[in-house]
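First chain A sits with chain B, and in the next complex the same chain sits with chain C.
And then the complex of A and B:
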């Protein structure tokens, strides 16, 4: 059945993916939007549409979790940009053949469920855990644990999303031709000038993708706050989950999801629309 | 000649990167240590090391059931994802067609989307269709996120594919099926293989999508999450360590295999 599809033009090859995404992404999103207009606490799509859920959200304190999620995501992006830029630069220009091994090392954690890895941080940070237990036994120092604070949540997010910043940045920096850098140096530019006038603008596609990916994933983050934050902050994704599970109020959860999707969608579409993916991924 | 300032800078970058590697593996180390204790509670430094909890975990029927559910889901995801993404990648990188640049962006959207919300959206959708949640619905849910990722992975290989190879085979009288089997698939094999590896591992480690779509079935990450929220048991670090080491072995093994294939092809063609 697939045989004639293979070597015919691109739109036929694209068909399976597009049909799949239609059933797996577009339809569910329409279902969510539809559900957000159903009366509260109903489980069917057949009732008369209402705006009640949105009114409830705007009258409630949900905006607090929205703001926390946005602030944490922004902080994560800022920290990761500073952390990852030197590493990405090193992977492209400094480490040579070691770069492959290092890339592999940074990739492996991506395939382990994030809740397990975050749990490792709990064991590290907890009272009598790896850090504080060692300090106490070997050095006699007793410190407060930072577990279950906002700092711990940010630490967890920086930790989980590091590869999502690192790899796009690496691809971006790989797009800066050596000749251009050398020419800038020859013309007497300082290290800082080369970075600002040559490297940063030319690696912009990678920077944009890295920032965007990290921000979007971090806005939807939920496990970090639950595992490391001890409910200190309720991110918006958790508000949504509560509405769907404990509160059994699917339409309210759907309405919150729609608002989150609006924020994320606007951001992604504006940033990606003019993007040349062929140049970004196809370069050797 | 690298100047002194540059050498200094490179040393700093190296030190920074190594620090990041330590940062990345620190939690894994903690989990492994915690799994090796014989006591019921986690206390550091560990006073009695032992493999008791490893034995207990592997003798449990429940755990075996979990492992088999997780592996079944990951295998199904791998097979379907690679087939769909193979064609998707050809459309992404091989053919020039109207609408390709929009298509490339559409593919990215599920990746740029909070997974927990995607999981809930799928739950709503399955529910509206009247489907019962089970590991099969979880396979579908994983695919929604994994097919785009695998498409990108394979696309990177397709970009370096020379269409002239296919045309030459056609000119020599090969049928479409022959070209696919003898030219396209072998040349793209490393990309397909890494795509399969990604699909398996991403499904194996996925939590947010499984959480809402597995119904009565449970995967390893879900079980671990339920246990770690309920209170401490050393079974969690044991299973966490297994999960991590399994992923590392698969990835390193798979990567070596790709290197070996490349090497064999290079020496073979000379």
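And then the complex of A and C:
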């Protein structure tokens, strides 16, 4: 006799989310992957699959956009790590009661649209703008504007993604127990050795999450290059946008998207495998 | 022990946090090779005192001398002392061996030498050698204690500090580890400074005990002295159940109980005694049939009895007052509850404290 299928209360509760994820994530993903195998410039999923789009990409100069996106993302992560670690350390260990206020100040800009903030930077950096205009008027100093350079793009990306590095790092550093730090110090370690041997490895979960989060976001960045870079660099996300809009070549855009997901996915999974979070926490 | 120069001297050491005085002008000498325990309830300032001695907290006043040299401003990583923490503070991302070798690695010792020393310490602490490569978080509570102690010993400190490392351990294992720690003290001949809130734990291990209360050391002495001649009611009550009677000195040289009628014969009176508390430990109380069988006696209702392993404790209620009597199990008192009983004690077995 077959037993009727009975869902546990947990599975029942998970059902709406599961359906939502199926409809909202899995289905579009499959559609994109499927589209990438359709003939170029078609809008139907019914044609016979082909590798033509991938061939086009590998024969074109799209790899330049890929490399720019990856390089900018890597640079963003590197700069953010250097900038955020001291701030995060201060928030957890040094600033005391001021930490809450500072955290709030770092959070508030998130309430304003990214585009508006980036145009704010344009006004700040532009020739005769807030920065250079003030320098000229009050100090008689005339400098070249960095607007519409690669530096400006990097600055914009560092600025926009700062909270996504800062808060995981803060959590990571907050996970290191005080007594463990004291113990290392008491056993003769210098401040630097305490950091290297104890604090950094124990805050690794936060570090890895911060790195991955900012990297994944930065690889997909598009507005910074458009607004602050003045089209000096075309990131891969913009290539994809162009394929889907002006070029009306959905299959090519889909193929680019699939490649981007593959590259980023491989990097993220490698990092997660390499930096086994459980091992860092001593759970293995 | 007192003859040799002290390894550690505290001179009027104090610590203030704003208006709050955590440690209030403590003077103390600790002898080389001594097992000294500081006992006090939570909030008595014992942890702050230990952290100052270990170099993790800066004293607000006074001097800390190690073999006569002032070490107030020497940071913990430069002091030849080491601490076993309450949480043990093991490095969870390291193996047992790496934890033990930490200080040797910091010193830049060669790998084989470190390993040899770690295995030697693991032997001393009865940790199986196969644990060398084991993740420290996979060890049991007792094993972690041993790893923490081995890690501290590897530093080869002149003084080892312990910040209540056994407080989170269940009582059976704790009793074993207390004895083991005393054995390790004997083996290593190092100076141990231990803090705990349990006077019983302190009794088991220590050569000398200092009792702390509200930032002050109220009594320092051998376990025997602390037990048999506590200098305050606070110290006398610290070890567990005692009988305390508030008394005034009467004109005839006897003691007048504040709460109930009748006069009590005192032990040797401290000079200038006017009023205070008479303390009688439960094992010096005995059941008697006539008041003449003991120097002092009271009669009350046998309220309840409690089996404490090798001993049995009886609660006798005299009016509002509660008395406790303890007998060895073999000498158990056979009585029925609510029966009227007379209990007595000899004056010489009681202790008179002035507060």
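The definition used in the following text is that the second predicted complex is superposed on the first by the 258 of 284 C-alpha atoms of A that agree within 3 Å, B and C clash if a C-alpha of one lies under 4 Å from a C-alpha of the other, contacts with A are read in each partner's own complex, and residues count from 1 in each chain.
Here, a residue touches a chain if its C-beta (ideal position, glycine included) is under 8 Å from a C-beta of that chain, and two chains touch if they have at least 3 such contacts.
Everything quoted here is computed from the prediction, not taken from an experiment.
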Practice task
Tell me which partner A:201 touches in the superposition: chain B (first), chain C (second), both or neither.
Solution key: second
Practice task
Scan A:220 for contacts with chain B and chain C and give back first, second, both or neither.
Solution key: first
Handout entry: Touched partner set for A:273, first chain B, second chain C, both or neither
Key = first
Problem - Contacts of A:189 with chain B and chain C, given as first, second, both or neither - result: second
Problem - Greater residue coverage of chain A in the superposed arrangement, chain B or chain C - result: B
Completion exercise
The intersection of the chain A residues contacting chain B with those contacting chain C is 281-282, 284
Handout entry: List of chain C residues in touch with chain A within their complex
Key = 54-56, 75-78, 81-83, 85-87, 89-93, 102-103, 105-107, 135-137, 151-152, 155
Completion exercise
Within their complex, chain B touches chain A through residues 5, 9-10, 12-14, 16-17, 20-21, 23-31, 33-34, 42-45, 83-85, 87-88, 90-101, 103-118, 120-125, 127-128, 140-141, 143-144, 147-148, 151-152, 155-156, 159-160, 166, 176-177, 179-180, 184, 201-202, 204-208, 212, 220-221, 224-225, 228-229, 236-237, 240, 243-244, 247-248, 250-252, 255
Handout entry: Residue numbers on chain A that touch chain C, as the complex places them
Key = 177, 179-180, 182-190, 193, 197-198, 201-202, 279-284
Exercise for the section: Note which residues of chain A are touching chain B in the complex, please. Expected result: 2-7, 9-11, 13-18, 20-21, 24-25, 27-29, 31-32, 35, 43, 45, 83, 86-87, 89-91, 94-95, 102, 104-124, 126, 128-130, 132-134, 137, 159, 162, 191, 212-213, 216-217, 219-223, 226-227, 237, 240-241, 244, 250, 253-254, 257, 260-261, 264, 268, 272-273, 275, 277-278, 281-282, 284
